[in-house]
Each structure stands twice: as structure tokens, then as C-alpha cells.
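Here you go, one structure.
Chain IDs A, B, C and D follow the sequence of writing; residue 1 opens each chain.
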Amino acid sequence: MTSPSSSSAKTPEFGRPLQGWRLRCYTIIFEADTRAGRLFDLGLIAMVLLSLLTVMLDSVASIHNEHGRWLTGLEIFFTAVFTVEYLLRLACVRQPLRYALSFYGIVDLLAVLPTYLAFFVPELYALVDVRVLRLLRVFRILKLNAYVAEYASLALALRASSRKISVFITAVLMIVLVMGTVMYVVEGPINGFSSIPTSVYWAITTMTTVGFGDITPKTDLGRAIASLMMLLGWGVLAVPTGIVTAEMSAQRLASAPKATTRSCHVCLSEGHQADSKFCRHCGATLPAYQRD
Amino acid sequence: MTSPSSSSAKTPEFGRPLQGWRLRCYTIIFEADTRAGRLFDLGLIAMVLLSLLTVMLDSVASIHNEHGRWLTGLEIFFTAVFTVEYLLRLACVRQPLRYALSFYGIVDLLAVLPTYLAFFVPELYALVDVRVLRLLRVFRILKLNAYVAEYASLALALRASSRKISVFITAVLMIVLVMGTVMYVVEGPINGFSSIPTSVYWAITTMTTVGFGDITPKTDLGRAIASLMMLLGWGVLAVPTGIVTAEMSAQRLASAPKATTRSCHVCLSEGHQADSKFCRHCGATLPAYQRD
Amino acid sequence: MTSPSSSSAKTPEFGRPLQGWRLRCYTIIFEADTRAGRLFDLGLIAMVLLSLLTVMLDSVASIHNEHGRWLTGLEIFFTAVFTVEYLLRLACVRQPLRYALSFYGIVDLLAVLPTYLAFFVPELYALVDVRVLRLLRVFRILKLNAYVAEYASLALALRASSRKISVFITAVLMIVLVMGTVMYVVEGPINGFSSIPTSVYWAITTMTTVGFGDITPKTDLGRAIASLMMLLGWGVLAVPTGIVTAEMSAQRLASAPKATTRSCHVCLSEGHQADSKFCRHCGATLPAYQRD
Amino acid sequence: MTSPSSSSAKTPEFGRPLQGWRLRCYTIIFEADTRAGRLFDLGLIAMVLLSLLTVMLDSVASIHNEHGRWLTGLEIFFTAVFTVEYLLRLACVRQPLRYALSFYGIVDLLAVLPTYLAFFVPELYALVDVRVLRLLRVFRILKLNAYVAEYASLALALRASSRKISVFITAVLMIVLVMGTVMYVVEGPINGFSSIPTSVYWAITTMTTVGFGDITPKTDLGRAIASLMMLLGWGVLAVPTGIVTAEMSAQRLASAPKATTRSCHVCLSEGHQADSKFCRHCGATLPAYQRD
């Protein structure tokens, strides 16, 4: 899109093109094609990782007692930097509201919010770790667009199968609700199944084969039902893999093997089966097959 | 099927077509094409979910102590509504017995029965949760027929492989029985393996990789046998996935990819199949395919 | 094979054909084509299942105290029947030694042996459960040959990949040995890792995602190493399934969809891609594609 | 490469070809084509396995108390042998530094180093088990090159998908970090979640379905979040396998199987491919393919 000012950004949204310092800011912060942009993103990754480390270390009681003040100081510094960066972002896009409501905008806000909330509710301080989601943005610097593209194709595959997945998840939820309730009736609060929600939690730990062991069935009937659930949860994984493997092997053994390099000397076609005598494209006689 | 009365239902079974209020009931309750039918189903979903929530909350001791009477009252109300609905269903189909014995008929009966049984056996009250299965019926309202169809295709796939699955399950049951017995002999009741059924229960938790930890082997021989079982249970999942992945990759790398690098010299398009003679975009003759 | 006596068995091995009562025995016990043979096998299944139930119930302390004498008596009865049957089998085949050393022969021997051994070593009594393997034989009666055939094709598939499986298992064993040793050094006997074999046992419970919890790492370094092992053991399952799904979806989306029914009206070839304009076999123009 | 001395080794690196005793050493130690070379490798496997057994037995307290001196003596013997072998290896290759820095060179060094380090830091003694990695080298003796080749193809497949795997692992790490932090905030140190690193460790045990149970959520909200994580970790395995199975079955049922029912009217053979023009058995022209 042309513009009288040559220092305008190519897109981004409608309205007046960016100019001057706002354009420069935008180029550095949002794009990664220039050297300054790349350096900015690298510095951002480093800061995010350092701030994560700070919060994680601060949560360990022994380290907190010794170095708590330094760590808190560091964290205030990081939060200040990220806040300034966030305000800059708001300032140098054309439609700040649109940015603020986008996925990355919300992530950037959540990256600084917990520190401020912690003034009022100190226990929320640890939620600073949510800023790890900022690392999603800085994939560009490492030319990880290709990586994201790979993931996008997988996401596309999942979306195509979203119906099947919905049905599957609904079935699983129904099963754990019914089974959890049955175990609540069979075992009862005496044996640890203190309520239906608790029993459903147990049913999920069992069907997903996690098996914490904080709640376990004690009665024989309860253990029998638990056995059924375990075999079901594990079988949901084992049965399809077995079927798929058996089918693939059957295909490979029975049908035309892909890997034959036999070629017809008349029409030069390849890939004829090991037991073919004639070329299936032109009818010429194939030379005898010698296995390596 | 034609009928002298124009207000008859199109199907359902043999005998006299439905008329009058019975027809109206049938249309609203069993079918979801009219606005009333859709509203009815929506209201039904809402009621089922609310009643489930009621029962689940009532099972939590603290909530029961505080609001138990309200929750019980709510539940009696829901059960009354569902009972009336069930009786209406029986009343407005042509063959009540056929409906009562169908899958959905039994589900609808199980949805109200626990509350009545709870008068005699209070512990069965929680089985009210079984009414979650009613949600299977109300898939229609959300035009989830497509979802059910997706699931039906998967069910069809499973049925086609039902023999393999039977053999697999039988093998697993034999293994857990033999291994459970061996561990019972090796470890003995001192170490928690108090009987053969208990040991089989342990064997199932181990082979399905759930691993509650309520019973664990203490002797060296027992731990060695347990290690074998764990590797087996996990390997049943890991080995086929590894084989399948390797085979798919081998197919991709070695054989002619569906989209090769053949290019048409007229329109310069690429990716023609190995055995194509003509360009599928412009119709020009493709040069003979030479494998690199 | 012909024989002067018309009441000879068709095969079985070399030497004199079976005659008289030996032939009749053979037909009933080993084959299942006649009505007597089928009844024999059905009775055998029933007996095996009943004897299994007997042993399992007898292992439960409460039931043993009440009915122990009846159960022991029943078990002696079953063992007597199986012993007589085993001797009959030896008597009515041509080469008893060959049968005794075959898989089924050993299974049949193991079915009766534990009861006799239990006279000397009472704790081995429970190994009677090994006779469940006899159920493998009686698959014929239920015409489960087809089932066994299905399983045989899967076994064939596994044998074809036996090399890959060997390498995989060896790699897993090396990993658990090295990781187990590292955890033994890092955590030490104080934290439950009392010896290298114990640590290897723990490493197996972790890599196979069973996670009993009887031994758990307490130090930070130990937990970090454990985290790596858990991600590895789970990733070995998750990564291939993800790759396979992504590849299948990519094939489906990008390459010629199998399901296109477009056909060329000139050469009648089918399966052209949705965006093809010309037939790839004969070059004729394809009619425009209408998606359903 | 020719050389005036006929007793030179064919390769290995640049510089003077090996001669005399160095050549003989090289042939025996590094290659396995001669009988001496094979015997050497067999002896090496035996020694490695024996030394592993020695270290493992020595770690068991009871055995250590009884036979500790013998085992330590054995281990010193093995280490001496391996040290001499290592020095010989260094002596008889042309570029010792290159060997010392190669993978196998480092493995061989790690095989002897722990015993020497144990003089200074006795707890490291157990790391002798790292010498199990030496078994990778001796695959040649058992002509397991084919095995390694199989594994190499799988490694190649993994490398081709390395981007997808990186994205996947990064996503998993982000999820466990965020979820671990959330649980730290929700549950708190009172319930065992003593710091963020500990909570992340718990999150990994939960997502990978290991479920040790040393740390478990106690609050209702914590259990709800844990349920989500468990369904996610298990679903990552279950959903793709289900999709793959459904897709394969759909392909099988709906599309033209690779081996169709086309039959040749001359030789009556069946199963020709959909696009074949000539019978691959007898060369006759196949009738045009009509889909049913």
C-alpha cells in the first residue's frame, strides 16, 4: 500500500499509516526482520527466562529466606521493564484495543498483572510464571516460523477430527461420572470415597492410568469394578495401536510392496511386484526378479 | 404411510396411527423437528444437568449438612418431573413394552428408579447419577446426529476387528491371572498379596500401568517379575506405535511419493504422480519418469 | 494315508495307525469334529474354569476358614480327573514323548503338577492357576480357529519386526540400568534407593509410567532426573502417535484423496484429484468437479 | 590405498599406515572379521556383563557385608583389564586424540573413570555401571549390524520429524510450568506443593500419567485442575490413536483397495491394481476397470 511518507509501515490495519518514532517502535518491537528487531526479541527471551527463574527460585523456602530481597527486587525490575514494553506496544499500534484483546495482547497483560495483583493478594505472586506464554511470541526470532507451521498442520488435523474428539471426550466424561458414582456407592466415605466429586476424581486417575493411590478401593466388588476401568482406560490405547499395526502389516504382506525396484526395459515403468511376469503398463515381458 | 386422519405420525410402528393428544405428545417428546420439540429437549438437558449437580453437591458432607433439605427437595422435584415424562412416553407410543425394553427406555427408567429405591435402601440414592446417560438421547437437539454418525463409523471399525480384540483381551486376562498367582506365591499375604483375587487386581494395576501403589512387591524376585510385567504392559503400547511410525516413514522415504518432483515443461507445474502420462493441469504429454 | 483297517485315524504321526479304543480316545480327546469330541471339550472348559474358581476362592482367608475342606476336596477331584485325562492322552497318541514335550503337553502337565508338588511344598499350591493356559487348547470347540488365525497374523507381523523390537528393548534396558544407577548415586539408600537392583526396579516403574510410589526421589536433582525419565517414557508413546497422525492427515489433505470418484469420460479412469483439469492417463479434459 | 608394506591396514585415517604389532592390535581390537577379533569381542562382552553384575551385587547391603572384599577385588581386576585395553586402543590407532573424543572413545573412558574417581569420592563408585554403554560397540560380533541399521532407519525417521517433536516438547514444558505454578498457588506448601519446582515435578508426574502419589492435590479446585491435566496427558495418547484407527478403517472400507477384484479373463488371476492395463501374470490386456 503506497503512502506519501516513505517511512510508513506496510500494513498493519486500516487508518493512518504509522510514522516517525511510532513506526520505529513498531518495527523493533513487533517485527523481527531488522537487526534491532532481532536483538530486541533475543533480549526479550532472555528477560522472560530470567524472570521465570527468579520466581521459581523465590518459591523455594530456603532460597527465599536467604536471598528473598534480591529476588523480589529483580522481579520488580523485570515487571517494570515488561510494563513499559506493554505500554509501548499499546502506543505504537494503530488500534490499541485490537491488540489488547488479541491472544498475544492478553498474554502480555497476564505477564505483568500478577505482580500488581500480588500487592493486594500476595498468594497470587507465583502466577508470574504465566509469562512463560510470552515465549510463544518470540518464536519468530529463531526463525521458528517453520516450527509453528508444523504445529499448525497438526492443529488443522485435529480440527478436522474435532467431531470425533468431542464424542470421545463426552463418552469418557460420562463413563467417569457413572463409574465414579458406582464406586461411591460401593466403597463409601469410609474407604476414602468421601463424595461423588471425589469419586469422579478417583475414576479419572484410574481411567487415565495415572493412579496416584491417594484413594484406593478396599472392597472386593470395588476392586473388581476398578479392574474393569483400568482395562478399559488402558485398552483404549492398546486396542487401536494393535489394530493399526496389524492392518499395516497385513497391507504390507498381502498387497503390492512399494519397495520393489523392478523396472520394465520397454516402458521404463517401475515398482512392479516381485511375482509379476509382465509389465502392467505396456505388456512387455519383465526380466526375472533377483532378490538382493 | 397414508392414513385417513391427517394428524397422524408418519411412522412409528405397526397398528393404529397415533392421533390427537397422543400424537402431539409424541411429536414434542420423541421428535425434535418442531419448535416445541426442540424446546422440550433443551429443557430436558438443562434439567438432567441440574439434577446431576444436585446429587453431586448433596454427596459432599459439608454441603449436605447445610443445604441437605433444599437439595433433597429439588431432587424430589426432578424425579417427579422425570417420572411424569416417563409415564407420558409410555402413554404416547403405540407399543409401550417395546419402548420400555429398548436401550433408551431402560435408560429413562434407570433415571428415576434410584430415587424410589432409595426409600428402601438409602445408600443407593447416589445412583441417580446414572441419569447422565439420558444425555445420549438429547444429542438430536444440538444436531449432533453427525457426531453420533462419526462415532458409529468408529464403532463399525471396532466391530470389524472384534475378533482380534477378543483374542487380545483373552490373552491379557490369562496373563494377569497367571502372573497374579505367581506373585501371590512369591510374595505372599505378608507383603500385601492377601489372596489370588487381590494379586490379580494388583497384576491388572501393573500391566495397565496405573500403579496405585496400595500393594507393592517387596521381595527381589517379586520386583523382578513386576519389572517384566511393567515392561510388557508398557511395551504393548510402545512397540506397535514404534513399528507403525517406522513403517510409515520407510514408506515415505523409499517409495515413490504420491507427489513427486516431476514437472510439466509446458505449464511448469510440479508434483505429478509417478505413473501419469499427461499433465493434469494443462493436458500436455509428460516426459517419461526417470527415478533419481 | 490308506490302511488295511478302516477304523484308523487319518494321520497323526508315523508308524502304525491308531486302532480300536485308542483311536476312539484320540478322536474324542484331541479332535473336536464329532459330537462326543465337542461335548468333551465343553466339559473340559467347564472343569478348568470351576477348578480355577476353587483355587481362587480357597486363597481368600475368610472363605478358606469356612469352606476350606470342601474346596480342597473339590480340587483333589479336579486334579484326579485331569491326571486321568493326561494319562489317557499319553496312552492314545502314537508318540507319547512327542506330545509330552510339545507346548500343549507341557501345559497339560503343569495343570496337574502343582497339586502334587503341594504335598511337599504347600506354598506352591496356588500355582494350580497355571492350568488356565489349558483354555488355549479348547479354542477349537468354539470354532475359535479363526480367532487364533487373527492372532497368528499379528504374531507374524511382530516376527517381521523382531529386529526392531530387540533393538528397542535393549535400548530401554540400557537406559533403565544407567538411570537407575545414577539415581542410586544421587538419592542413596537414605531415600529408599537401597541398592542398584532396587533403583533399576524404580527406573522401570518410572519409564513405563506405572509409578507405584513405594520409592520416590526426594532430592531436587533426583526429581529433575526423574522428570526427564518420565517425559522420555511417556514421550516414546506420545511422539510416534503424534507423528503418525500428522503424517496421515498431511497425506490426506495434500495428496490425491482416495475418495474422489471423478472419472474421465474418455478413458474411464477414476480417482482424479479435485483440482485436476486433464486426465492423467489419456490427456482428455475432465468435467468440472462438483463437491457434494 | 596402497602401501609398500603389505601388512598395513586398509583405512583408517590419514598419515602413515599402521604396521607390525600396532596393525595386529588394531585388527583384533577394532575389527571383528578375523577369528581373533571375534574372540576378543566375545570376551569383552562377557567381561562387561560380569563387571556389571559385580557392581550391582556389591550395592546390595547384605551381599556387600558378606562378600564385599571379593567383589571389590574383582572390580579392580576388571578395571585394570579395561584400562590396559583403553591404553592399547589409544596406542594402535593413528590419531589417538580423534579416537579419544569420539563417542565410543568417551564411552570407553567413562567405563574406567568411575573406579578411579571412587578413590577420591567413594559414592561415585556405582557409576561404574555406565560401562554398560560399551555393549553398544560389541554389536558387531553378533552381526548385529543389521539391528543397528534397523535402528538407524528409525533414528532417520525421528530426525525428519525433529521439528514437530521440538514444538511438541516445548508445548508440554510450557503446560507443566503453567499448570505446576497454578497448583502451587491453589494448593500451597501445606498440601505438599512446597515450591514451584516441586509443583512442576508433580505436574510432570501427572501429565505423563506416572502418578507416584508422593504429592497429591487435596483441595477440590486442585483436584479439578488435576483432572484436566490427567485427561490431557492421557488424551494426547488416546486421541491420535483413535483418529488414526478410524482413518485407516475408513480408507479400507470406502476406497479402492490396492488389490481390487479385477480379474484377467485369460489366466483368471485376480487382484490387479486399478490402473493396470495389462495382466502382470500373463501379459494379456485387461478389460477397462469399472468401479462397482
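We take it that a residue touches a chain if its C-beta (ideal position, glycine included) is under 8 Å from a C-beta of that chain, and two chains touch if they have at least 3 such contacts.
Chains and their UniProt names: A, B, C, D = Ion transporter.
Everything numeric here is computed off the predicted structure, so don't read it as measured data.
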Chain whose average C-alpha position is farthest from chain A's own: C
Name whichever of A-C and A-D has more C-beta pairs touching across its two chains. A-D
Using mean CA coordinates as chain centres, what's the gap between chain A and chain D in Å? 26
Starting from the mean Cα coordinates of chain A and chain C, work out the distance between those two points in Å. 36
Which residues belonging to chain A are in contact with no fewer than two other chains? 150, 154, 157, 164, 168, 197, 200, 209-213, 233, 237, 241-246, 248-249, 281
Which bits of chain C are touching chain D when the two form their complex? 163-164, 166-168, 171, 174, 177-178, 181-182, 184-185, 188-189, 194-197, 200, 206, 209-213, 216, 220, 223-224, 226-227, 230-231, 233-235, 237-239, 241-246, 248, 252, 258-259, 261, 263, 267-271, 281
Which of the residues in chain A end up touching chain D in this complex? 52, 55-56, 59-61, 123-124, 126-127, 129-130, 132-133, 135-136, 146-148, 150-151, 154, 157-158, 161, 164-165, 168-169, 172, 197-198, 200-201, 204-205, 207-214, 233, 236-237, 240-241, 243-244, 247-248, 251, 254-256, 272-273, 275-285
What does chain C use to touch chain A in their complex? 150, 153-154, 156-157, 160, 209-213, 237, 241-242, 245-246, 248-250, 253
